[in-house]
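A, B, C and D are the chain letters, set down in written order, and residue numbers restart from 1 in every chain.
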Amino acid sequence: MPTMNIIEAVRDALRMQMRADKRVVVLGEDVGKFGGVFRATSGLFDEFGGERVIDTPLAEAGIIGTAIGMALYGLRPVPEIQFGDFIFPAFDQIVNELAKFRYRSGGQYPCPVVIRTPVGGGIRGGHYHSQSPETLFIHTPGLKVVAPSNPYDAKGLLLACMRQNDPVLFMEPKRIYRASKGEVPEGDYVLEIGKASVTREGSQVTLLAWSGMVSIADETAKQAEAAGISVEVVDLRTLMPFDIDTILTSVKKTGRCVIVHEAPRTCGFGAELIASIQERAMEYLEAPIMRVTGFDTPFPYSLEHEYMPNPDRVLGAIRQTLEW
Amino acid sequence: MVAISQYGAPGEPDDLRRVLDDDGKPLPGVKVPSIPEATLTRIFEVMLLTRIMDDRMMRLQRQGRLGFYMKSIGEEASHFAVAPLRNGDWIFPSYREQGAWFWRGYTVQNFIDQLFGNEDDPIKGRQMPVHHSANWLNLVSISSPVGTQIPQAVGAAYAAKVMGKDDVSMVYFGEGTSSTGEFHVGMNFAGVWKAPCVFICRNNGWAISVPSTTQTAAKTFASKAVGYGMPGIRVDGNDLLAVWQVASEAIERARAGEGPTLIEALTYRVQGHSSSDDPSVYRDPKEPEIWEKKDPLNRLRGYLRHKGMWNEARETELSAQYNQEITDALAASDGKHAPPIESIFDDVYEELPWNLREQREYLMAQARSKNPHHHG
Amino acid sequence: MPTMNIIEAVRDALRMQMRADKRVVVLGEDVGKFGGVFRATSGLFDEFGGERVIDTPLAEAGIIGTAIGMALYGLRPVPEIQFGDFIFPAFDQIVNELAKFRYRSGGQYPCPVVIRTPVGGGIRGGHYHSQSPETLFIHTPGLKVVAPSNPYDAKGLLLACMRQNDPVLFMEPKRIYRASKGEVPEGDYVLEIGKASVTREGSQVTLLAWSGMVSIADETAKQAEAAGISVEVVDLRTLMPFDIDTILTSVKKTGRCVIVHEAPRTCGFGAELIASIQERAMEYLEAPIMRVTGFDTPFPYSLEHEYMPNPDRVLGAIRQTLEW
Amino acid sequence: MVAISQYGAPGEPDDLRRVLDDDGKPLPGVKVPSIPEATLTRIFEVMLLTRIMDDRMMRLQRQGRLGFYMKSIGEEASHFAVAPLRNGDWIFPSYREQGAWFWRGYTVQNFIDQLFGNEDDPIKGRQMPVHHSANWLNLVSISSPVGTQIPQAVGAAYAAKVMGKDDVSMVYFGEGTSSTGEFHVGMNFAGVWKAPCVFICRNNGWAISVPSTTQTAAKTFASKAVGYGMPGIRVDGNDLLAVWQVASEAIERARAGEGPTLIEALTYRVQGHSSSDDPSVYRDPKEPEIWEKKDPLNRLRGYLRHKGMWNEARETELSAQYNQEITDALAASDGKHAPPIESIFDDVYEELPWNLREQREYLMAQARSKNPHHHG
């Protein structure tokens, strides 16, 4: 099996699906000849031509708006938003149109658009190249939200997204785009949307993480183990619909839970996880569920490492929950 | 009043395409488009139906039997830019082109079921009245947020091109909507892509209470086409023959791969914005009076009669027939239920995820406990 | 004291502040001669003229974008977004610009813009005249979010908002715009932003609500009392920063809590309240905190009453939490 | 290559306003604007500083000592549309007008402290390099999302009018940014409000890898002004005298209450989009070569020398001085700390709400436990 990083895995999925299905088109800023500012679409322009790998004018509302029209007519567009931070000019098209099209038309007009966008901090990007906007989309009925943390999941999930019929926000962890490497099957495979993966088994506390934070959770779990604490790590992979069963199974087993996310704390997805867990498994909880998150500030530049969750902070929360 | 001078009374600017005068007589020296008689009379019939429907529904609304309605009285000719389209072509409407729906074959019953959001509503009672959707007619679901349909229409047009089809997209919006960012990005993408798309800006002078002079400082809405490298045409939107003519040309250009066109159809919103509106608060009642003299139905009727294609008897009979159809459809609708409660959860996704399954069970249990006879 | 409804109270606050402070301007669609589609600005055009009561072109991004520029230069703009559902074209200006201006300029450019917008369902408005988007803004650091439920609070809070220096989203409960009436002082008064109000004292369970749901909570509390259950109702009034102290005091007293909101359940503000409470008062909780919310669907038309929380459902949750 | 023909090589369209030829000689028959010698030489000096700064910072970036940088080489003349402004006028910049900052009095040390986000950074290390803010100079905080500054500038211009001041707003953006919805709504509001606002579209041919021909099908960016009812002027953006001239005219119109102007300054992004970019992947290296012959510094230098206002000795001396200033500022910056950790929570609101107070305590406790000597 070849080794790939996340960028390569994404590109591999796109190429594979574009070969298999002529209806798939890629569009966005700089995705054509240049192959995307992160090079995720590199080579696609040469292989599939400018009609299917489209450099658009600079307008996210246009990228998503036209992608919707393409999907209605019968294409399977996979627009790229250059940074998650630049998705907001398209917000109306996403939350009022894309998410609601099937519903508002009584099922007449499904709208299978897969929006790819890099998210998260840690690349010295300041507030406009670092945000993690998942909450906004999870809170929008009609969208699926997928957030892989490694190359294998990225390829299998992206292929799955391009083959189902609902709109998806596919968030890619840009900090580890190249750093995260792993074996990825050359051929075709899909991972089920909506299934978390237990990336490490443990007995004392459950760590819930996704996207760029899974590596922080893993790192923490290792340090915890060294300190004699057994940690189970669950990589959610899909945030909407999230895998409540896997989460509950783990939390019921460990009785303790810490959630890690980069987005600001207040109304972050961590809050929903806490709410959903306590509603269903309060009697199993030995301590409050803790959150290690970004702060309720815009994402800073000079102090980004102070802002982002790190193993130290996660370990602190684990100890707190154990000592509660 | 500010708005009047811009709307052609008394002296329209030269660049306004017209065929008929206010009485329905062809203007001297203007070529009358050749439209088959059956087509032309059919257009008039659908215009008549539209007018009757608007009237009936508004009265129903005033009686408190319908929640909300939006009329298009005085703007009906502009709906028939869709008439020269083929059935395979796609239409992205705004909320004020009833005629386009009936033209394509949307039935009186469809229309009324949607207004009442009942179990036979094609969209299952999901949206407010006048937000139709008919995928079997290539008429795209209407949205309330204005302008969103514009880039969508461009995307569909582009898709047709990529898929090797020669379908055209036509998209409607009001002049107020030309102020949105969506208008700009849609027009701009269309220009760059040379998308087979026809943009119809229904300039009816008002966006709720805001006159068109507050929407732009440009001389005309058609002139905005310059910024997108496409032709901009201004047409008398109350003149069916002129609308047909400029629409046909734009559709042909699009189909031939020559790119998009912006058409400004100059018309007037003779009545309130919607059933919730009261225009007397913000505009001079003399303004609509001027425009009533340019009524699109009268003008086409005049032309047809003059050509011997129409007469009063036929209109009386047809009006009675339409009125009866509406009465029947209302009666049928009266007997219909609301959509089933559990349908609230359908179509959010192709399949119900666990959270919606759980929420459905909860709601159905609640419904059963309140009404033990309900079988959800 | 005169009796006013919410619309009148809002108008009174606007008029009062426009008289007191020449820098205050109102802008939006139909706010001028027409006085707004809900008539909140009625009469202001005549009193203050078109320069300060501005009918804008139809573009929410322009309304908020220009309001930001006005605030930077020294005005105190109070833009109106006609329906909360139409705020999304301005989303980028709100979350990336308005919310971050002070921070990103190191404090150089405060941006005191108060955005008024009607929210909530129950008026047969379907998905585009009914949404409750508070989560999206609470999750955006830099914004304050205020959501009064009655005329007295509406006036006192709106005056407070217009006199402080941070951007605010001021959500008005459109369903009860006219139905909610009460005594409102004629003169000047402000209510503190960030303070909840205990609108009914009780001992067995705490009901948390805001905006249009406070009346549902009150109604439920009455029904509960009739059934012998003592319910405390807390009207949050400010959602960011929310009044954690008042909430905790009540929940510690009652040991049980039910949250009511109209917005979709998943990632609604209820989730944050649950998370914040269980982090700080888990040992006081006798039962899981329950949520009665809108469903995870777009807001429906025909079935809107089935969609919205009602006293029946809230009472059901109260019983559940008592029987847990 | 697609882009070349549009950018005037070899034959510019007639409507391009120019004063100087490529060597800095006034074109025959063109009126040279009368600019005081001290002003003109000062502009050249600031252009020189800008060029030197770009060069030094880019080298620093290549050495790995600076995270990110964006050059404006070859576009400097376009920055000086701000020169005819008064100090009370407001500037809403994009990220590529370094010259405008230095012109207003932003110091080399300010600039470098911002790039390093250190404790003396005027914005407290909050944003990426090149996102300056200087309220004491009426230079508004730069944002990464492109185009957002356009309606903001219009709002400020309107505010000046309402407050009875005759200040003008000037706003910069790239030609790629003209595709955004923000451009449209900003231009449109300005037209309707007759706002005292000057729009400078820096058309440098590229938006990262995307040529300007993919941004619009319009013939020129200036032509977009038609849709907003304002004048659109196209100027040779590498010709300082022409830029001064058209900017002066637009500023005067704005100040006199005659409304906004759109200026398209035709120039070229000679190098990569930013330090992260590699243009060889997407464009012909011959294209920048053609434009190097039109270098704005060379052209102004040529003019000044020809007029006896400038000489090599003065330039050599000044270059040395600027280089030294930069070296000193870098050295000073080297000794500076990052902003204090607790500052992460400041300026989100005027005062810290409880959640931020709590989070600050948490972070400071953590910082103390890791570094007991830190007094937070």
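In this section, contacts are C-beta pairs under 8 Å (C-beta built on N, C-alpha and C of every residue); 3 or more make two chains touch, one makes a residue touch a chain.
Computed from a predicted structure; not experimentally measured.
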item	value
Chain pair with more C-beta contacts, B-C versus A-B	A-B
Of all other chains, the one whose Cα centre sits farthest from subunit A	B
Rounded Å distance, subunit C centre to subunit D centre (Cα mean)	40
Centroid distance [mean C-alpha coordinates] between subunit C and subunit B, Å	35
Centre-of-Cα separation between subunit C and subunit A, whole angstrom	30
Multi-partner residues of subunit B (at least 2 other chains)	121, 124, 126-127, 131, 143, 145, 179-182, 184-185, 188, 192, 214-216, 348, 355
Where subunit C touches two or more other chains at once, by residue number	56-57, 59, 61-62, 85, 88-89, 92, 96, 103-104, 127-128, 141-142, 240, 266, 295-298
Contact set on subunit B toward subunit C in their complex	67-68, 117-118, 121, 124-128, 131, 143-146, 176-177, 179-182, 207-210, 214-216, 276, 281-282, 338-339, 341, 343-345, 348, 355-356, 359, 363, 366-367, 370
Residue numbers on subunit B that touch subunit D, as the complex places them	179-185, 188, 191-192, 194, 214-219, 223-224, 226-230, 259
Contacting residues of subunit B [partner subunit A, same complex]	90, 92, 121-124, 126-127, 131, 133-135, 140-141, 143, 145, 148, 150-163, 167, 169, 181-182, 184-186, 188-189, 192, 346-350, 353-355
Sites on subunit A touched by subunit C in the complex	85, 88-89, 91-92, 95-96, 99-100, 103-104, 127-128, 135-136, 138-142, 240, 263-264, 266-272, 274-276, 278-280, 282, 285, 287-291, 295-298
Subunit B-touching residues of subunit C, taken from the complex the two chains share	29-30, 32-35, 37, 55-59, 61-62, 85-86, 88-89, 124-129, 265-266, 295-298, 300-303, 306-307, 312-313, 316
